[in-house]
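Chain naming follows the written order as A, B, C and D, and within any one chain the residues start at number 1.
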Amino acid sequence: MLRKGFLILLIVALGVMLAACAGETSAPAGDSAATGDSAGEAAGDGGQMATIGFTASLTGKLNVESTRQTNGLNLWMKQVNDAGGVALDGGAVQFQSTFYDDESNQDRVQELYTRLATEDGANFLISPYSSGLTAASSVIAEQYEKVMITTGAASDSNYTQGYTLVYQAYTPASKYLTGAVDMIAANSPDLKKLAIVHENDKFSTDVSTAAEEYALEQGFEVVLFEGYDSGTTDFAPIINKVEQAGPDAILGGGHFQDGSTFARQLAEKGVATEYLVLLVAPPEPTFAELGDAAIAVAGPSQWEPQAAYTAEAAEAGGMEWYGPTGEEFVSAYEDEYGEEPSYHAAGGYTAGLVLQAAIEKAGSLETAAVKEALDGLDILTFFGHIKFDTSEEAHGLQVGHEMVYIQWQKNDAGDLVKEIVWPAEAKTAEALHPVR
Amino acid sequence: MKKWLQPGLWIPLLLVAAFAAYPAITGSASARETMFTMIMSIGLASSLNILLGYTGYVSFGHIVFFGLGGYLGFWAIDELGWHLAPAVLLGGVTAGLLALLLGLAILRLRGAYFALATIGVNEAMKSLVMNLPFLGAATGMELNFSVYKSYGGPATALWMVYWSLAAIVLIITVVSYAVKKSKFGLGLMAIREDEDAAGIMGVVSSRAKTWAYVLSAVFPGMIGVLFFFKNGIIEPGSAFRLNLSIELLVMVMLGGAGTVLGPILGGAFYQRLRGLLLTSDLFKNIQLAVAGLLLLLIVLFIPSGAVGWLRERSDRLRRVLE
Amino acid sequence: MILQLRGVTKQFGGLTAVKDVSFDLAKGEILGLIGPNGAGKTTLFNCINGVYPVTKGTVTFLGEDVTNSPTYSMAHRGLARTHQIVRPLNDLTVRDNVIVGACYGSKRMGLGAAADTADKTLEFVGLAPRSESLAGSLNVAQKKRLEMARALASQPTLLLLDEVLAGLNTAEVSNMLATIRRIREQGVTIIMIEHIMHAVMNLSDRIIVLNYGELIASGAPDEVAQDPQVVEAYLGDPELAAQLLEKEKEEDGATGNA
Amino acid sequence: MFESILPFLVDGLLIGIVYGLVAMGLTLIFGIMNVINLAHGPIIALGMFGVYLFFTYMGFNPYFGLILMAGVGLLFGILIYFVAVHRVLNGPHLAGLLATFAVNMMIIGIGTSIFSTSFRNVDYSLGSVDVVGVTVTGTRLAASFVAILVTALLYAFLYRSRLGKNIRAVANNRVSAELMGIPSTRVLAISFGIGTMLAMISGGLLATIQPFTILSGSVYELKSFVIVVLGGLGNPLGAMIGGIILGLIEGLVPVFMKTTWVPVLEFALFILILLVRPQGLFGAKQ
């Protein structure tokens, strides 16, 4: 009996030990993460240190966009800390970050955010990239009462789930393509037939459904509304269907790859249309690699380097101007990373900026105070207008920020360049049409 | 009965209980999340083992039960306002029913044909759900945060989900042992060794296989509801993830197919190994390749897995380890 | 009558493996089923216990028409068989193998009763010392005994033995013969396919001969051995023919061995 | 009516022929050694990357790259055979599935760390051609043409050459082939090599018409399963027919319903065929 008792004890001990090991290591954190900003380490002179926690897709299918977003955030943190931090009543506060690799995988996000919120003692959270991952992390932020600024997470639905501490930096998905409808109505009032072809994922479906609804309200006829599976590389059947429907304009798309493939295959098949407006892909600089197939393709962007939001405009609109100008941001980013910032990078920077503004206004790192400050925030930044919905139904939803529409055009030298073609007050060129 | 006191049962039970209790001892929410993943893997692998290990049918798409059960339970909570408990039952029943229907059909297929069919079922179900508006189609569904409040706030809710999972996995362990030691289980193992000979000996293989399939499907269906309730969001891609399905196979093989203890050790070891490889600078980028190499070595040299290997070493171990 | 076959025919594509076979089997009888290789003996077994659906004809077992019943239902009705090429459940212990037979056989016992039966049966066939070994680790003779034990544990009314003596040495053969006799003493009816002539001639009450799927002779061992049609059928296989003719000489050679 | 579905038909047919070649390696290997090669997808992806690398970094014409990849594929397949397949050939079918899946994990793991998972394009164009009034890109037409050519060569090899006849003998009955003096291990290794070669060639062809990542192979692996079941496991010509059927389904179904229903129909058909006619629509019985 004694021997048996001993054996039981041994097995329990073994189990707990194994569990403990797992606890330590199965989060990919450990060494790969927790690279607190080096400038932040020096803030030992009575100042406070605030920790910002997030996950990023260092690996996995979303790693490109996610990395840019992280770059933007890190740039913001470096600038704040170099400037001595944010002045609060109890002295300046500086920032450090703790982050983990989420592998673009929903299974791990909750585990990692829980770790950030509890063990790592993060004061604030930033969302992962993409709406799906953000939805999973929002539950944790709310549960552990941490303010989370979301960026790269456009779906509206995440802000109608009763969260009170989650704030969206991006323009929500429902507004992505409504501007395109306005643009077509304004430029070519005779066109009535739209085809909406979208990737069958959460974000693109939300965008397209909202766009269809809006287009119908505006008196358009939607002759084709069709989804295609994520990862589609052969658009032949879809393109045949588009040709059969004979629309005046084609709206839709999804993410970079399917969008650019769709544009390429449309060109190869010589499909004629007045307007082609696609999500996500066109604003990416690499879209230009399509060559002639890129000409006249338009797309909504959260932000473009040319977008010139100014302190004057803020004053005119009755808003507070906050943060660097667009030019300052672009040059700082280029110095740091050697490439032009994409809107994902700007979004990452803005997430930090919004947090900074709220902390300054609150004069505290306390969740309740920062939440109150965020609720009342109404600022204009280089990224655009930032203001949040404070209603119970859609708390935290971005209501200030507007999309700009870019279009690839050939300049006089024959190079492909992005021009802003909508909204009217921001445009740098007239929209080119027809596409073919 | 005396057999309930056998080490073959209490060793795995204690091991699972020890894993489950670890976050409670430390009281750490982040340990809880880590262990959730591990215990979930153990539960799913043990369920799969009833079909794969005892009955000898390779299911590549077993995750379909996790996904479908999760979807139906989630829908009941979100749309019908059900409490978690009946929703978990609904998930289990749905998965069981699907297995029953499938069992009558595809279990007639043997070997590779069955394995292929299970992949087909998973993919078909995934594409089907993507076309069903009431399940949120491609966008999936999200839970309103207020749902957690009715369970005493989100913190309590998440601990409750964790303990429910632990309880279910303990039940799976008991069921797995009970099946192995029962007449039913003996019939399954006879089917695994030689289905035709088993039939000639009087084992009604079509019926036995179907019940094994149902049994191995019910628990993943229940676990699915818990997992997605905790996640607050469900999407076709995360519900019917073929990769996870195949990882489960690897876990069962690592630990030893057809043993009670094997899937438990396999699940724990696999998750731990993944963690180790992911954090190691050397292997971080090629962790999948290292895992693959390990799998290959096991398949080639220790096909009966860790527990099977130990059992082959000595008669004494064979009496202790099931 | 325990078993009645009427016009049983089995075709595989164009090939007729069993053609219009009819015979009756009385309770307690040992029926020898002989014939050259490829004569359709095993196929006939497969038709009787439901492994193959028959193309034509009927099989009646214990007064019920069981034509094309699934194998398991035949087992439940009290029919057990062994295989020419042994089919042990390799990864189960010898004892578990036999327990499967007992659990799912004619009595469909519970595990406890089945374990008792298994132990007794293993004792009976002389495998008790190996009962905890894995079935896959047995040698051929032991595997044959295991098949036998499995079949017996199901408490059959009718036992089909498919070449249980093949591949055994002389001592093992006489052991097995003794076992078969003792089974008969318990009132089990037996059909045995066998190539070792002296054994089948000695054990059987009656013999039927298949050639190219057709039943060409039926009767007492002596009659059959002298049937010119049978001798002719066996000419293709000189060794068997020799055995057939030498049968008289070896009479009683294996008796007295208990 | 016909006029309006003609473009759907032509596109479906052309891609279907390529699909046929995609599945041919899988079905060939299964037919000869009863192993479902779960490394099939990553091997297709390697074919894509091979052609891509030859084209992008060495400036080789993609169709010349294809020939090089055929050689690479043959050797690579023989290597996989000896490392992973040979030992499990006589084991339970689970062993074969898991061993090849382990190879799959290794290729994906190493491939991801080298190439990441971002998309690549073989930036090569043959312009557009008018086929019966439908605009078709040249690369697509060429891909179908090469697929048919490779199929024809495979059949010539299997039925005319000595080695091909040996392969068929081993496929038919390994034991009796060995008794006849055919070195079965060598034949099996070469067969696995040929199966791998076919997968690589098909990958290379796909690379000329579509963008891809190192993970793209898994999509075609799933399609291959459907195709081989349609055409009968183990039957290369059946794979071609199955591929064309799949291509036509993908091409024509969107005429009548939303494209998102295509995979539902595909996999439902797949399960249905497995249940009703496991030997495939045109399968020769084993």
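The criterion applied here is as follows: a residue touches a chain if its C-beta (ideal position, glycine included) is under 8 Å from a C-beta of that chain, and two chains touch if they have at least 3 such contacts.
Worth saying up front: this structure is predicted, and the values here are computed from it rather than measured.
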item	value
Central chain (by mean CA position)	B
Comparison of A-B and A-D (more C-beta pairs in contact)	A-B
Whole-Å separation of chain centres (CA-atom averages), chain C against chain D	49
Distance between the centres, which are taken as Cα means, of chain D and chain A, whole angstrom	38
Rounded Å distance between chain A and chain B, as computed from the means of their C-alpha atoms	35
Inter-chain centre distance, chain B versus chain C - centres from mean C-alpha coordinates, in Å	44
Multi-partner residues of chain D (each touching 2 or more other chains)	112, 258, 260, 263
Interface hub residues of chain B, defined as touching at least two other chains	127, 130, 138, 285
Residue list for chain A, restricted to those that touch at least two other chains	59, 200, 227, 229
Touching pairs among all chains present in the structure	A-B, A-D, B-C, B-D
Residue numbers on chain A that touch chain B, as the complex places them	7-8, 11-16, 18-23, 25-32, 59, 101, 106-108, 110-111, 114-115, 117-119, 132, 135-136, 138-139, 142-144, 155, 157-158, 160-163, 200-202, 205-206, 227, 229-230
Chain B partner contacts - residues on chain D that touch it in the complex	30, 34, 36, 83-84, 87-88, 91-95, 97-99, 101-110, 112-113, 222, 225-226, 229, 233, 258, 260-261, 263-264, 267-268, 270-271, 274-275, 278
Complex contact set, residues of chain C against chain B	49, 51, 70-72, 74-76, 80-81, 83, 87-92, 96, 99-101, 103-106, 108, 110-111, 114, 132, 150, 154
Chain D - residues contacting chain A, complex	4, 7-8, 11-12, 15, 112, 116-119, 121, 123, 128, 135, 137, 209-212, 215-216, 219, 250-251, 253-255, 258-260, 262-263
Partner chain D, residues of chain A touching it in the complex	59-61, 63-64, 200, 226-229, 231, 233-234, 236-238, 240-241, 243-244, 256-257, 260-261, 268-270, 289
